[in-house]
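In what comes next, subunit A is part of two complexes: it sits with subunit B in the first one and with subunit C in the second one.
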Partner chain A sequence: MPSDQVVFIVTAVVLVFLGLASMVYSRNLIKTVMSFQVIVFGANLTLFSSGMGSSQAYMSQTFVLFSIFVGASVEAVALALIVMIHKKYGTLNPWEIRRLRH
Partner chain B sequence: MIYAAWLVWSLPIISVPFVPLLGAINGKIRNWFTVCVSALTAIIGLYLAITFSSLSSESSGLWIPSFNLRIQIEVDGLSVLLSAFISFLSFLIVLYSIGYMKGEKGQSRYYSLILLFIGSMLGLVMAGNLVQLYFFWELVGICSAFLIAFYNDKPEARRAGLKAFVVTRFGDIALFIAVLLVLSTLGTTDFDSLNVAIGNHSISTSTTELIGILILVGAMGKSAQVPLHVWLPDAMEGPTPVSALIHAATMVNAGVYLLLRVFPLFSTSELLLSLVTAVGAVSMVYGAACAVVAEDLKRILAYSTISQLGIMFVGIGVGTSLGATYHLISQGLFKALAFLAAGSVLHATGLRNVEEMGGLRRTMKYTYIGFFLSVLAMSGLPPLIGFWSKDWIASTALTTNVAVSVLIILSTILTALYGFRATFKVFHGSSKLEKLPVESPSIMILPMVILSISVVLGWLVLDYQPLLPLFNVLKALDFLTVGASLTALVIGAGIAYLAFQSKIEATQRLVLQSPLIQKTRKSLLEGLGFDKLYGFLWTRIVLPLSNVASSLQTGLLGINAALMLLALLAVLFLLASRVF
Partner chain C sequence: MSFEVALLLSIALIATVIAAMFSRSTSLSLIMLFYSSLILGIIFATYGGILPGLVHIITFAGAVSVMLVTVNLMTGESKLMIGSFRLALLLSIVSVPVVGAATYQLLQGVSTSSTQPSIPGVTSLFQFIWEFRSWDLLILIMVFAASMTVIVNLFSRKS
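Take a look at the complex of A and B:
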């Protein structure tokens, strides 16, 4: 394993953990979406680094491009949902939105 | 390449998406489109059966390369005969549906599911390997569950659909394990190499028996054999054409077909054959006994199906796979006829309880004749089609296992009893209705007339194809069995005549005086408590477990994310302890 690949993977793991941790603590759905994106970036980084040093690095790069597109559209849908939630509940705190539970 | 063998199952499946599309334009076009597709399928099926000369198996390119799996079709006497039979019967039932479903809502859903149901059953029959068969097996199960729950604003219907799905799942899991076992021991699942491997003993006996038992459990689930039969009596919540399709052409025949398809595997082991016989014999007597007391007309027919399928299992168990094939076809014909007639009664009166009807014979002549012919065929009156198949199985059973033969005769008494009881209660006697209903429209009569003719003359038609010539049947029949089953028929019909036609008051007095009869009647009405037992297991074991599982899910994002974080940390910790 090339040493810069290790750097990439460690960074990716740190990103995923940071994203999850901020998702645990966030009291605002917009922040939740941001932390979700951080997790996706971590995953993309792993995917990107997995092709390093191989003759077919372009494969993983192509997949990362796809993943970025998908991530962007997921984010757009999530933000649209947040707008709807704010219209309906008047709050963005996920701890206060409990209608699905009851 | 035999195009007809590919087309017969892919045509209905391909046409499924067009049904709702046409339905958006015009309901009538959609209905007749469905009829045309099923008629075309029936023509292709019959053409295939007529032109069939030698068995062959064909495969496409690789489907799933890592399993070395191809889409295969198996063209032999059995699959050709059954696909012709299934497509013919389905066409008649679809035609009947046009009249029966008139004015119901959700018809696009109904017709597209029906086409998918027919197509997947034909695909199951034509499948050349176990994985493909399993694929269509699941499709058939899903379609039947949705169709049983067709009236989805009725809670009983939704419950019955769910029940059919869950109960058959037990069998499906067993079949799935069997498919995996075959795949891992042989590396391939196509029927030809399976039969070759069985023939030269390249699978050990214990593996063969394990595979056989698992396949048997799968077949029991689909074919509603005791103790996995509980879904079938409830399945009548669906529309009556669906019941006819499930009971006669598609769903329940899948299990018997599977056993017939892997019959070489079963015939190598005495243990497997006797297990099949035992399952069949128990279901045969159980179904017939429950049908005698049932009060719902469709429930009587459902229990009757369990009993008739039991006879097919017995046929396979005593080694006459051809007899079982014949009975599959004759049961399909007379049961479809019985259901169409019952549907006609239901359509005209809106009633299902036989106690509330009576005297319908005067106004519903065609329905009456159809139902009565079906009852006669069911109880084995020569030369109707049921006689040849049932007595073939009974005669073969006499040479291998006398006790089973006696049980078949006993169930014949019960069959005649419940069949004639239903006929007398619904069509004879004085009417308990205020006004006698009028006969159903001619589009519902026509399929019944065609089916009546095929019940009476079907044995002549079957003589013209290579698998079940009349000569073989006559060779297998023996006079002792035929005489005994005819006597049984007369006894059963006689008891029914006395009890439900000429001496009704005396029978009621007898039932009131004897606590034993009342007790038996009550426990048979409950189906000997299988439902109660399963309900008990459900509320005491499954529901508490599911409550525990659902209380783990809080639905709060923060908590879920925290759990994910913890799990990731645990994985990292494990990896780190591995490395250092």
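Take a look at the complex of A and C:
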């Protein structure tokens, strides 16, 4: 029977691929930010599960904390940019924005 | 912790993320992402990472969700359809006793644990934050301050 660590690493890989797939699939910039958040979830879970049951648990938890705050900060900046883009172009569809730029 | 608990939490996390990513409504995606943040925080807290779990819930389920809702409402992408009023009423009727029972049980646990000498354990539980994590907190404050500067700069431009 696989251990908890293996289960969480597999879950993290699934989360990263789901986030990437949704990022490619979505036609809305807010959904793209949400996909980025899911990828950050996967990265955090990988970092956390890599330190489970070892003497380096505090180290991995420190990296998780750092990743949480960097991810949240990046998302805050991305959301601010989205508001600016919506003010300028009136849409959040990336293809429409590219068309309006030219 | 048993293997089944890890599997159950992982399945719940993946299910909520799939519902968030592939639903057409942005509001539903937000709600599901909120739940997935909660589940991931519970995973961290259950498997020994109390501080990352709490910080994860506070940051993603709290701050980032509020920011997403705000941007969603500002840009008008949200179609805030609550749905069936009867269903909402039924859910409220079901959830109020559950929350009441959980709170009662929680308060009972506090009253019984206060009689036991468990205060040194609780103190040592959070003591490591200040012993090992002071530099981490400083780095986090720096990252937040930098991002807030960028946001204030973006919003302060008139043109």
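Basically, the second predicted complex is superposed on the first by the 96 of 102 C-alpha atoms of A that agree within 3 Å, B and C clash if a C-alpha of one lies under 4 Å from a C-alpha of the other, contacts with A are read in each partner's own complex, and residues count from 1 in each chain.
Methods note: a contact is a pair of C-beta atoms (placed from the backbone, for glycine too) under 8 Å apart; a residue touches a chain by one contact, two chains touch by 3 or more.
Fair warning: this is a prediction, and the values are worked out from it, not measured in the lab.
Peer 1: Using the superposition on subunit A, tell me whether subunit B and subunit C clash or fit.
Peer 2: fit
Peer 1: In the superposed arrangement, does A:43 touch subunit B (first), subunit C (second), both or neither?
Peer 2: In the superposition, A:43 touches no partner, neither subunit B nor subunit C.
Peer 1: Using the superposition on chain A described above, determine whether A:72 touches subunit B (first), subunit C (second), both, or neither.
Peer 2: In the superposition, A:72 contacts subunit C only.
Peer 1: With the two structures laid over each other on chain A, which partner does A:80 touch: subunit B (first), subunit C (second), both, or neither?
Peer 2: second
Peer 1: Which holds for A:9: it touches subunit B only (first), subunit C only (second), both, or neither?
Peer 2: In the superposition, A:9 touches no partner, neither subunit B nor subunit C.
Peer 1: Which partner chains sit in contact with A:32 here, subunit B, subunit C, both or neither? Use first/second/both/neither.
Peer 2: A:32: touches subunit B, not subunit C.
Peer 1: Touch check for A:24: first (subunit B), second (subunit C), both, or neither?
Peer 2: first
Peer 1: Kindly classify A:92 by the partners it touches after superposition: subunit B alone (first), subunit C alone (second), both, or neither?
Peer 2: The answer is second: A:92 touches subunit C but not subunit B.
Peer 1: Vertex at subunit A, arms to subunit B and subunit C: angle between C-alpha centres to the nearest 10°?
Peer 2: 140
Peer 1: Who wins on subunit A residues touched, subunit B or subunit C?
Peer 2: More residues of subunit A are touched by C.
Peer 1: Once both complexes sit on top of each other, what is the least C-alpha distance from subunit B to subunit C, rounded to whole angstrom?
Peer 2: Comparing every C-alpha of subunit B with every C-alpha of subunit C, the smallest gap is 14 Å.
Peer 1: In the superposed view, which residues of subunit A touch subunit B and also subunit C?
Peer 2: Looking at subunit A, the two contact sets intersect at 21, 25.
Peer 1: Quick one: in the complex, what on subunit A touches subunit C?
Peer 2: Answer in residue numbers: 1-4, 7-8, 10-11, 14-15, 18-19, 21-22, 25, 28, 30-31, 33-35, 37-38, 41, 44-45, 48, 52, 57-58, 61-62, 64-66, 68-70, 72-77, 79-84, 86, 92.
Peer 1: Mind listing the subunit C positions that touch subunit A in their complex?
Peer 2: Interface residues on the subunit C side: 1, 3, 6-7, 10, 13-14, 17-18, 20-22, 26, 29-30, 33, 36-37, 40, 43-44, 47-49, 51-52, 55-56, 59-60, 63-64, 67-68, 71-72, 74-75, 77, 128, 132-133, 136, 139-140, 143-144, 146-148, 150-151, 154-155.
Peer 1: Sort out for me which residues of subunit A touch subunit B in the complex.
Peer 2: 13, 16-17, 20-21, 23-26, 32, 94-95, 98, 100-101
Peer 1: Provide the residue numbers of subunit B that touch subunit A in the complex, in ascending order.
Peer 2: 554-558, 561-562, 564-565, 568, 572
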